[in-house]
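By letter and in written order, the chains are A, B, C and D; residue numbering begins at 1 in each of them.
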Amino acid sequence: MTDTEIALIVGAGGGLSASLGRRFARGGVKVALAARDAAKLSGLCEETGATAYSCDASDPAAVADLFSSVTSDLGEPDIAVYNASNRARGPVTDLDPEAVLTAIKISCFGGFLVAQQAAKQMVARGNGAIFFTGASAGVKGFANSSSFAMGKFGLRGLAQALARELHPQNIHIGHFVIDGGILRAGDPRGDRGPEGMLNPDSIADSYYQFWRQPRDSWAWELELRPWVEKF
Amino acid sequence: MTDTEIALIVGAGGGLSASLGRRFARGGVKVALAARDAAKLSGLCEETGATAYSCDASDPAAVADLFSSVTSDLGEPDIAVYNASNRARGPVTDLDPEAVLTAIKISCFGGFLVAQQAAKQMVARGNGAIFFTGASAGVKGFANSSSFAMGKFGLRGLAQALARELHPQNIHIGHFVIDGGILRAGDPRGDRGPEGMLNPDSIADSYYQFWRQPRDSWAWELELRPWVEKF
Amino acid sequence: MTDTEIALIVGAGGGLSASLGRRFARGGVKVALAARDAAKLSGLCEETGATAYSCDASDPAAVADLFSSVTSDLGEPDIAVYNASNRARGPVTDLDPEAVLTAIKISCFGGFLVAQQAAKQMVARGNGAIFFTGASAGVKGFANSSSFAMGKFGLRGLAQALARELHPQNIHIGHFVIDGGILRAGDPRGDRGPEGMLNPDSIADSYYQFWRQPRDSWAWELELRPWVEKF
Amino acid sequence: MTDTEIALIVGAGGGLSASLGRRFARGGVKVALAARDAAKLSGLCEETGATAYSCDASDPAAVADLFSSVTSDLGEPDIAVYNASNRARGPVTDLDPEAVLTAIKISCFGGFLVAQQAAKQMVARGNGAIFFTGASAGVKGFANSSSFAMGKFGLRGLAQALARELHPQNIHIGHFVIDGGILRAGDPRGDRGPEGMLNPDSIADSYYQFWRQPRDSWAWELELRPWVEKF
């Protein structure tokens, strides 16, 4: 273990993962970013000093390789954040089964793969944290959203099972129910009025504080939405 | 549509699926049974007059073929029951990723495939029912059960999403949270005292009554456990 | 215990309680009906042969008297149904605290009082059933509905606690989440289209079937809504 | 409104409320503490500069008076925390109905009264926060805990209803599910091993951070338990 903490964010791109990268960096944490295409991460790497990795998060061998590389380059991650997500949209009758399977593999199975690799190191070491970015689709199955419901319910089931399994091994699990649109650059307020959309920097702050909870009072889940969001 | 009702049970073997087959047959419903290996269903077919089909429920083409064959042989199913399930057991660090993916495909993705084929016929026809056999693992993620948690949470998410999508199209969705051991033949009481385990005939009666609910008061979920079961 | 089964329905009036009374009577069950004002029950008593009692369900002594009278007149109830409900409507800032307290006492505390009296007999006897009529307000706290949220969440908490406590004592608990408008006489379909509102006779059938579940596969909760209801 | 923020904690004594008082004071927030017996708060008042008030939180007039006094003495509270709780313990058959009603009034109705008085000021003012201390008994009804189940489920229903009603009015609702024993002075670790019990200072930090969430990403609930706690 190094003196500097290491964070690995899988499913990195713009939006939340960029804010997480910046938040960790600001906390003195070394950041590894993984995405299917690492090239798109170059700007964020320059800005935050992060290291980028290419990884298909739904491929067991690729995820194992990712952990090997990160560990070799930076050290074992103290926290792994699974942020990848995919869905097929539309009525159940219209969905392409292969697209649905891909969505489940990316939204849920990939979360398992990353959690498993992280847990192997963290159980041996006796500490760590594994966080998952969920969605309201993980607690409520919406019409015309059966693909996303499977992926995000499944991811939440994984997180809850791991909280029961790994909390007593000093590994902190976090599942974040993000409910509402996330603000994007160039869209300073969205069309929802002031603070009507989730600011990814705010979400990142919540992940960071969650990570810092002392283990006598750990949460395993947090639901975040804008003040004006219907739920 | 034929005058006689048709029920298709996917994931048939002993236990609950056999009880369902008998219950449907007793109600005058023609039964189609699908299993990976149809040969093992011959006894139940003789007993109930059911027709058996071989089908890998996690294979999109195989499920489409199944519906074609059943429809051609017996008619379009009025009710499809997804009863298949699979899991990899053990601590997250010990699980074989391929076994976990297989478990998710059988427990959850196969449910989607069957629901999709059923919905295609039922939406066009304007009626039908699609039922899923869940488990307590679908509402509570247990330690050392991350594989089952993903599969059964995912299946429940699918069912809830389809209830919101298909109930208003006159298609009744049912998700059954079976909590406790199911009694097997040759084990008249289990070791839990009288009625200490779920009798599959009792569960089958509950499915049947659920199917017969008038649409002015539909449930989408039912949780069943023995009176002595801790929860 | 008499040979004929006895049902006690507390919070009787029109609607669901009348349908329950008829359903029990049709099953050969002797019915006791309790309402604040027994006079309004005379028509239903004539129709079903039920006996009416006046009782303020939120008054401990009155509920104890009710059980004494019913037991003396008809025998100990085999099933007690708590059907009373009350709410104060409006934004939290506008509610009258006394009206809110009354609503909590009728919606929730009265359920406790009836359950307690029933449990005293049933625990001693070794069997029985206690059912509660809940609402979607008991699983989802709606805006401008804080009074109803307290009463119905509280009632659901009571039911779940009693299921854990009394199921192993052979006393069956039922909590019914009624989600949607109940059809009233003179309003054959409501304005929601065919079967767009809950028919109280359908709900009563569900209560009755729930009561008849064999104890190897008991539910403790059932959520019912019209097929077209948004949820 | 004053420049200095004001926090009102109702249901103050030792434990969590003392930690909350210290946490607010450390953040430069003026603190008002209310308890049935204000005399017992003198030590904490000396330590934190808080002002103590005597108040029966289940009495509408007393709660209205409390808000008048606090407002007159310190200003309108920016945050009100409802921390009072009461229960009758034991099997449902053994409970004293009057004790159960008292428990509901303190655990739930008092929360409503405080929320209502706070909301009257906050809605008019256009900002504020109202927090409730819940328990695992508010999300799971335990055997022999029917009294606490009603009170804490009811309190959670109130909080969820108010989140839907008041979040869009810029009033932040928080409901905290405290699951596990809270460490007391003189019992440095409890018997659960290191950090095996909830440290009230940790809980207070979580309340404080929750209060500081930007409104673009508000939570309404947080569940906290020690890392070793079974759930």
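Miscellaneous remarks
Note that a residue touches a chain if its C-beta (ideal position, glycine included) is under 8 Å from a C-beta of that chain, and two chains touch if they have at least 3 such contacts.
In this text the structure is predicted, and so the values were computed from the model without any measurement.
The chains touching chain A as well as chain D do not exist; no chain touches both. Contacts with chain C and chain D are shared by no chain at all. For the pair chain B and chain C, the distance between C-alpha centroids works out to 32 Å.
Here the spacing of chain A and chain C, counted between their Cα centres, is 45 Å. Touching two or more other chains at once are residues 164 of chain D.
Only residues 60, 91-93, 95, 97-98, 100-101, 104-105, 108-109, 112-113, 115-116, 119-120, 123, 137-138, 140-166 of chain B touch chain A when the two sit together in their complex. Those residues of chain D that touch chain A in the shared complex are 164, 167-168, 170, 172, 183, 195-199, 202-203, 206, 209, 213-231.
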